[in-house]
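Some structures to go through are shown next.
Two complexes come next, and they have one chain in common, chain A, joined by chain B in the first and chain C in the second.
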Partner chain A sequence: MIAGALRAVAGLWRGYKALLHLTWSEMLQYRAAVFIWTLWSLAGPIIHLSVWSSIVAAEGALAGYDRGAIVAYFVVQSVVYHFTGAWQVWDFSYLIRTGRLSARLVKPFDPSHHLVASNVAFKLMNLVWLIPIWTGMYLYFRPELPLGVGSVLTFLLALLLASVLLFLWNQCFAMIAFWTVRASAFYEFADALGYMVGGGIAPVALIPPALQSISRALPYYYGVGFPIEVGIGALDGAAVRAGLWASALWIAALFVIYRLLWRWGLKRFSAVGA
Partner chain B sequence: MAGMSREIDIRVRELTKHYKVPVREGGFRASVASLFRRKYRIVEAVKGVSFDIARGEIVGFLGPNGAGKTTTLKMLSGLLHPTSGEAQVLGHVPWKREAGFLRRMTLVMGQKNQLVWDVPAMDTFLVNQAIYGIPEREFRETLAEFTELLGLEGLLQKPVRNLSLGERMKCELVAALLHKPRILFLDEPTLGLDVTMQNRIREFIRVYNQRYGATVLLTSHYMADIAALCRRVIIIHHGRVMFDGELSRLVGSIAPFKVLHVALDRAVSPEDLDGMGEVLALDEGKLALKVPKDRTPEVTSRLLAELPVLDLSVEDPPIEDVIEQVFEQGVEV
Partner chain C sequence: MRLLGVFFKISFQDDAAYRGEFWMRLAATLYSLAGAFVGIWIFFSHTDRIAGWTVDEVVILLGAFHIVAGVIRTVLGPSFERIVEEVREGTLDFVLTKPASSQFLVSFRRIVSAAAMECLMGAGLVGYGISRLSQQTGLYTAFAFAFALACGLAVLYSFWLFLNTLVFWFVRIDNVTQIFWALFEAGRYPLDIYPGWLRVLVTYIVPVGVVTTFPAQGIAGRLAPASLLWYAAAAALSLYISSRFWRFGVAHYTSASS
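Take a look at the complex of A and B:
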């Protein structure tokens, strides 16, 4: 039994390694486009940083966020955005629409692995230029960040959970493509709402209190606002622990929902055809 | 039926597939009405199909568009659940999609490809090597063998988007067969290819079948594919098996004729063609003539002697015509 499990893990590893290489080869074909997409992903945090810095400079600190904290928030946001990005809702619709999903379904390898590998490959390769850019941003803005080993490790854990959470969130919407290939419309609506209340356009502490409690009850906060707040040291130990547990619970719930949707969707797909 | 005494690789019994398809009439009002009350109709794509295919057989699966061929192939490769009926492929129920089944079969669907467009085909092959766990040495040997058989030298390093349709199809076949599957479901593998490329792919399928004892179920609209590869054919129409037997029996008894395509230097009248055969088309110097097979040499000589012939080709009747005759003459299954 252990030997079987080891063989399965070795098979997965082989598959992932090959898929990472494949995605990197594809990305290198379009390196200019990939570079521009990456720059574009930095645009939001930098614009918000400028706007909120001006507001805080004029009005004084808001809900505990002075200029230094605002700068730190959006610098960390640029990192969090990169690691939590997910786009398979578009990729999966494409696979269904073009019939390419069938080619993957007749192989002894779950098609979801392709989506995970593509996501991870994109994020890892873009570090080549993002690390110098982030370093430049750090040196230019000089954000005040807790850089102790414990703080950094806690941030990395929150970031990892946020990445998995938002990947699964996106994956659940991707499964809607089994019913309608316009699944991305549902996602874009949810994403826009989540972006507004989850810490995307401003720290959650700056939005109206009623929205704050709604935000903290939804998964988006744990994918955006929470890891940023951990990264800038805005939360005490108890809030961090509660947030990590909430993230883990959301991950478990979203994984179950995704697998159910996958199973139902596949049944429907195999009932109506590719 | 061929191969009755051999081990059965594919066993199909009363396989049936019904689709529920939304319908609405044309026009804006019907569009709005369909938002509130959708109407459906049931399409019976496959109706109680049964057959056995023995190990190592190459069987042609024929029928006009919409006959149920692809639906049957999709059920046998595990992509579709049947509405009713049973099937076993290498002892597996296909739609359970067990790894042991998926590792030993392949499905090639003409235009729906698995090659990644922007990178060389080799990159897709390496992913398949990893997914199927093909040892490095075996992978290199198989690839070398297929490269030689298909004439792939120099193609594996070019991005797929820069390959011609025929070159892509050859690479698709390699990607689909690197793990040396025992069962091949091939849906129109030569569609849209020129004659040379069709021959090459045909030859490849034939050699693969002989070398590895693979069982092949092949659909094609090209009579030449079927004639070159299949001793046995199954004809399906409106979801039912109309004929299952030797191809020679089918063509000999159902379509014992050839079609002569002739390009003429000037227009001729139907009277000039008296006694030569059935005129299928006669338009601006182009003539298509249906001639009994045993009269083909005689009619060809007469055409060349009596008419201003620029070009002449002798072809088998289109597979669609042969199949049509099966329906008209009601050949027993």
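Take a look at the complex of A and C:
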């Protein structure tokens, strides 16, 4: 049994190597566009950093966020945004609309592996210019970050869970494409709300209670606000553990939903194609 | 002017064929507006002034932002989008040989009338903000708003024309407009909140911030007549430079067929 599992893992690893190679060269073709998308993702954090800095400068610390914490929050946000980005709902809708999904289905791989590889390749490629940009931001804004080994490892764990979570969330919306061509519109609708209440335009502690309760019903806090708060050291040990568990539960739930939708949708798709 | 009317009519007929698209666009615009309001609500639940701006002034500024965004999405964006394609395919020749100013044609020929709703909503926001403003809006402040907005649009138009003229040298500039939109987001809030380097960037290099901040300052009565004059001069100068650059670009351009 163990040998079988090892073989499966080795097969997956070989497959991923090939897929990463493929998607990496795809990205390389569009490197200018990829670069510009990256710049896009920096606009939000810098704008909101400015807004909150001027509010805090006038009012003093709010809910524990002084100027230093605000700066740290939005600098880390730009990192979290990068690693948690997911956009396969657009790619997948395109595959279905054009019927190209059929070609992917005959490969000896679940097509979602291709989407994962493409996501990872994009993030890796962007690091080429993001690392200098982040270094520049760090030196310019001088955020106070907890840089001990334990804190950094916890942050990386929260970041990993957050990116898996938002990827699966996006994947669930991608499955809607089996039923409607407007899957991405649904996603954009949820996304705009989610980033607003989940730690995008403000730390969740600073939004009104009514919005905080919306935030609790959505997975966005664990994909956006939570990893940032872990990264800047705003949470104590118990809160960190609770958040990590909650992220894991969301991941499990979303994975089940995605697999169910995938199975139903695929039946529908084959019915249309045949 | 008559040509502009014709362009508008054609586009309206085009869009009327896709009514579903129209409703989607309306819903999306309303939704983003609601989002902007929630943002303002969150910010002002902690303070009553951001960098000296009251909530009503920020609403007016948001209105100006949507008016400008609407104009770009209605006219400039769709029209200029075609240049890139036409230079690549060589069909720009057809535009250049028409008996009207080529600059006028490339700037205004494609109008997405559905996007004009955003301008109306922006105007509504401005009106709403003014009605809540504590001090009286006099004739001068209303004039200052309109004048600063017109100058801002002229500057922005020149910037777009300049950017798109670059297509004669670098064919693939589609992505450049994405950079523009990313920076344009900064225009949602008063320029006073930004760190120095960013303020310089969105004031002088990519003049997106001034288009929204100056008119809102005008209505709040914080724009002196002298700065209006300076602003008009800057607008005239930028129109002149970009127009010259366009003509230079056209002269430089030799199409695929020649």
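The criterion applied here is as follows: the second predicted complex is superposed on the first by the 271 of 274 C-alpha atoms of A that agree within 3 Å, B and C clash if a C-alpha of one lies under 4 Å from a C-alpha of the other, contacts with A are read in each partner's own complex, and residues count from 1 in each chain.
Everything below uses one rule, namely that contacts are C-beta pairs under 8 Å (C-beta built on N, C-alpha and C of every residue); 3 or more make two chains touch, one makes a residue touch a chain.
Remember, predicted model here, so these are calculated numbers, not experimental data.
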Message: Let's test your reading of the overlay: on chain A, do chain B and chain C clash or fit side by side?
response: fit
Message: Quick one: is A:Val106 in contact with chain B, with chain C, with both, or with neither? Answer first, second, both or neither.
response: first
- request: Name the contact category of A:Thr180: first (chain B only), second (chain C only), both, or neither.
  value: neither
Query: Which partner does A:Gln29 reach: the first (chain B), the second (chain C), both, or neither?
result: first
First, second, both or neither for A:Lys267, with chain B first and chain C second: first
Field: Superposed arrangement, angle subtended at the Cα centre of chain A by chain B and chain C, nearest 10 degrees
entry: 90
Query: Counting only touches as set out at the top, which of chain B and chain C does A:Ser213 meet: first, second, both, neither?
result: neither
Query: First (chain B), second (chain C), both or neither: which does A:Ala192 touch?
result: second
Message: Quick check: superposed on A, how many Å separate the nearest Cα atoms of chain B and chain C?
response: 10
Parts of chain A lying in touch with chain B, wherever the complex brings them together: 11, 14-15, 17-19, 21-22, 25-26, 29-30, 98-100, 102-109, 267, 270-274
Partner chain A, residues of chain C touching it in the complex: 24, 28, 31-32, 35, 38-39, 41-43, 45-47, 49-51, 172, 175, 178-179, 181-183, 185-186, 188-189, 192-195, 198
Chain B - residues contacting chain A, complex: 19-20, 71, 74, 77-81, 95, 97, 99, 102-103, 105-107, 109, 112-114, 116, 118-119, 123-124, 126-133, 159
- line: Listed in rising order, the residues of chain A that touch chain C in the complex are 32-33, 36-37, 39-40, 42-44, 46-47, 50-51, 53-55, 58-59, 62, 185, 188-189, 192-193, 196, 201-202, 206-208, 211
